Amino acid sequence: MKKKMAAAALACVMAVSLAACGGNEQSENDTTSKSETDKETGKEEKKGAEKKTGGVELNVTTTFAGNDTNAQNYKDAAGKWQDDTGNTINDTSATSDETFKARVAADFEVGSEPDVLFYFNGMDSNSFVEAGKVISIDDIRKEYPEYADNMKDELMGASPVDNVNYSVPVNGYWEGMFVNKSVLEEAGVDVPNADTSWDDFMGICQKVKDAGYTPIAASLAQIPHYWFEFTIYNHLAPDTHAVLPEKVDDEHGKAWVAGLEDMKEMYEKGFFPENTLSGTDDETFQSFIDGKAAFLVDGSWKVGGIEEATDDVDNFTVTYVPAKGERKATDIIGGLSSGYYITKKAWDDPDKREAAVSFIEYMTSDEMVSKFALTSATALKDGAKVDEKELSGLGKAGLEMVNNITGISDAVQDQIPTECRVPIFDGMPNIVTGKVKIPDAVTEVLTMIEDYQPEDAKK
Amino acid sequence: MSSNIYKNKKPLIFFLAPAFAFMLIFLYYPFVKNIFNSFCDIRGLGTAARGLNTPWYANYSRMLSDENMRTALINTLIMILVTIVGQVGIALLLAILVDNVKHGAKFFRVVFFFPIVISATALGLLFNLIFLYDKGMINQLLGAMGVGKLTDWKDETHALITMMIPVTWQYVGFYFIILVTGLNNISEELYEAAAIDGATRFQRVRFITLPLLYNVICTCIILAVTGALKVFDLPWVMFPKGIPFGKTWLTGTYMYYQVFNATDVDYSSAISVLIVVLGVILSKAVNKIFKERDY
Amino acid sequence: MKKRRISFGQVAAFLFLSLWALTTIYPIIWVMINSFKDKKIIVSDSFSLPSGAKFSMANYKLAFERLDVLGAYRNSLIISFSVAVVVILLAGMASYALVRYTFRGRDFLNALVIAGMMFPVFATIIPVFQLMSKWGIVNTSDLWKSLLATALPQIAGNMSFAIVVLSGYIKGLPIELEESAYMEGANIFQIFGKVVMPLSKPSFATVGIFSFLWSYNDLFTQSFMLRGNQYGITRLLNELTSREGTNYGLMAAAVTLVVIPILIVYIFLQKYIIKGMTAGAIKG
């Protein structure tokens, strides 16, 4: 037994000494204890009853954390706001993954939700929007008429529940086609641009394949999402794209079937990697970086991803996905998928309400949004002001692309509840190999969506 | 098996209460709720239930007809067998060997522990790189040896094997340690006595080691069975969503998928109930087969 | 054991063991080597040594400067250590009772224990979270409450496994020792404390190391219960490495950082298992 005691004692000593070291390094610990004392002063301030801000502790959760490029921007901005106003932020931001989403949902359920929340404004927010736990922008504007007046209302990302705006967006995303220039050079083709038609594009892919390279880097097993969107888009137009079909043979249903047929054709022509039905997205991305594949359709976040993955950023550029039919190549997919919410919990507390509004207005000013957004889309009425000197060649190409779009549409898949996406996303390998007939797969999805909504859900 | 000491049952409660109290509060009560959940309709993890399913046993009837579920069950059964033979079997072999070599026993004991410690994500990355279609270690070696066409280790014919090898390999160390702990309990004198009587090493193993390890081996097999029913992290990293074509589903990965990808939380609750029931039944069966012997 | 000549059997055994050892050492070394490479070349060039130009401390720099790694270690150690100790104690007691006593309902309790091992953590986490929220120990900025909230479900989660292993072990202990202690006038508690527990040290060490390990690596519970700046080391490193596409370099460094303390603890406890070995060969 003695040895065990010794072991336990040793471990305790280890822990305590680490605690001593840790204590010196943690300035965060100071913030928490500081906020305790601030709470006291906050209480005294309340008695003052004036619209004073200062000494309020705000609970904030965002998705700016970890390795997100904007995590540092967020920390800096939040720090400065705290200094300017004398309030403190109790920050519980975390990288956004499924565990995080579960945590946010659970917090709302038990009543420990934060005061300000920067979160997705699509299906993921349905649970707390439906429960009335966040305040709509219109209601906020009844008290603060100028709230978010630097944003275009129609772009703010209304909730799928009732088509009302609840959140103020910062930066959005776009989807485009990244190009590995050296591969195209070797194959003797030019980089596609806004005038390249779909048929031209098919021809280009064939040439690339003949030269011994993989035309399109994509893992149909893991991430068929992007091509799904664009092939369907090619049979619709910006204002008709983001609408769910009701039947498989209505206008949208037909577009889905036709789009998936195009994907099947591309697969059969061998434009996707050989192991696209079993490889991972990381693998196909790596092959793109290594100069084995020519084209990669992905989102604006990949600009940073490519910059970090290679030393030769100038070998890459981004352009529009070629189009056919009514859609022009310069009609892209994009949107603003997250925004700042104020919870009812904070709203009901006058001091917190004031602080929350002040914080959000600070974080969504034109300046701040431009800093966060860089090359991605925004809802700003005046557009983002970006310092081009800061951007890499790839970044500049992205910016140019975004500045010259003729139309933008949300991704239609964001409207499909996650469980209902299974037959076409997880089932994509079955579709392109013909194991499942395309109209059947589409019908299955539509039926699932119908069953998903209880009859009284749509208001 | 009981002796006079243990006729008086009064201290029993004292010994049992704390542990079971913990389990009651943190395991059983939540799981009962989970069972209830499997009859409701829940969309995302953490959100409230939206009332009962129609009909209330919908998830269970779905399980019967779900092809993926069937694949998962078959694969998991195969996995259980592979685990018993592969993990426990190899671990047993290693443990006995380590017990019998003169040098390096300590070194081996330390080193065999390593795989369990590394996170599944890192291991998944390593194995993905080994089995990579293009420039993966195995294909590179094969190419160097002159094999012409590259094999896709993750295609339909190979996927299952490619998945089982890393998963089996990772936890051998776990059973190894448990077995070694058990081996240490066998007194040296028995071996010496046998040696004096002229028994070969082989015979010593067969007649002393194995029988005395009986109970520990039984424990290991139960752990292996339950482990195979639950395992998901390493298979998931290498074969997310049961690719290719849903051939590599395991009960553990399928349940995880339902919670986090398909967000059909109530269905996953039903699957977890199935897993628990299977686990209890199978371990009872193992216990029956390995009727405990008193040595 | 008294043979002097090296037999063929010995050589064969040694070879086999070494082969297996190679497979177990290689991944750790591979991860550590790659943590010193710049992430761009890890996937394309993963099986080579980082010599000269390839060597880079960038990954570690990134890990250390961004966030408070030492504090996270401390938190993880506190949680995992307490989990291990509590599990050993409580499971030890429960196993002892389950093995030695016969009573009605014993089979039922055993079945319950096995069932408890099967529950996946995401099936139980939400009700547990709601429960602890009522107790007021979750989602607070108080570090200790959050550590407690993380430790409690983990203790329960590891309990079943511990009971199964310990039961198996105690079953194999010769009952004569306890009987002779009883003859000498010891009561149950003394028998447990002075006879059974010391004999079970190796098993305790085994259960302890695994409870420690699983608590340490349990990302899910940590992410749920620890908020904001309260980090466990696994959660911290997960945050650093999750992004669009995997930052392999950072991940390799993260894995190395996570793994080192565990290995130290194991090597430390491992001596225990050996000591237990010599203690186990008791003469009646």
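Labels for the chains are A, B and C, by order of writing; each one numbers its residues from 1.
Here is the rule we use: a contact is a pair of C-beta atoms (placed from the backbone, for glycine too) under 8 Å apart; a residue touches a chain by one contact, two chains touch by 3 or more.
On a predicted model such as this, the values are computed, not experimentally measured, just so you know.
Because contacts link each chain to all the remaining chains, their graph is best described as complete.
No other two chains have as many C-beta pairs in contact as B-C. Centre-to-centre spacing of subunit B and subunit C amounts to 16 Å, using the average Cα coordinate of each chain. If each chain is reduced to the centroid of its CA atoms, subunit A and subunit B end up 37 Å from each other. Annotation for subunit B: residues 45-46, 259 touch two or more other chains. Annotation for subunit A: residues touching 2 or more other chains are 102-103, 106-107, 109, 282. Residues of subunit C in contact with two or more other chains: 43-44, 122, 125-126, 241, 246.
Residue ranges of subunit A in contact with subunit B, taken from their complex: 98, 101-109, 124, 126-127, 221-222, 274-275, 277-280, 282-283, 287, 292, 417-419, 422, 426, 429-430, 435, 454. Here subunit C touches subunit A in the complex through residues 39-40, 43-44, 68, 70-71, 73-74, 77-78, 81, 85, 122, 125-126, 129-130, 133-134, 138-139, 141, 143, 197-198, 201, 219-220, 223-224, 227-229, 238-247, 250, 268-269, 272, 275, going by the rule given at the top. Contacts from subunit B toward subunit A in the complex involve residues 43-48, 50, 128, 132-134, 152, 154-155, 159, 240-241, 243-246, 259-264. Residues 1-6, 8-9, 11-12, 14-16, 18-20, 22-23, 25-31, 33-34, 45-46, 90, 93-94, 97-98, 100-104, 106-119, 121-123, 125-126, 129, 135, 137, 169, 172-174, 177-178, 180-182, 184-185, 187-189, 191-192, 195, 201, 212, 215-216, 218-219, 222-223, 226, 229-230, 252, 255-256, 259, 268-269, 272, 275-276, 279-280, 283-284, 292, 295 of subunit B are the ones that touch subunit C when the two sit in their complex.
Subunit C contributes residues 1-2, 9-10, 13-14, 16-17, 20-21, 23-25, 27-28, 30-31, 43-44, 46-47, 90-91, 93-94, 96-98, 100-103, 109, 111-120, 122-128, 131, 152-153, 155-157, 159-161, 163-165, 167-169, 171-173, 175, 178-179, 182, 188-189, 191-192, 202-203, 205-206, 209-210, 213, 217, 234, 241, 246, 248, 251-252, 255, 258-259, 262-263, 266-267, 270, 273-274, 276-277, 280-283 to its touches with subunit B in the complex.
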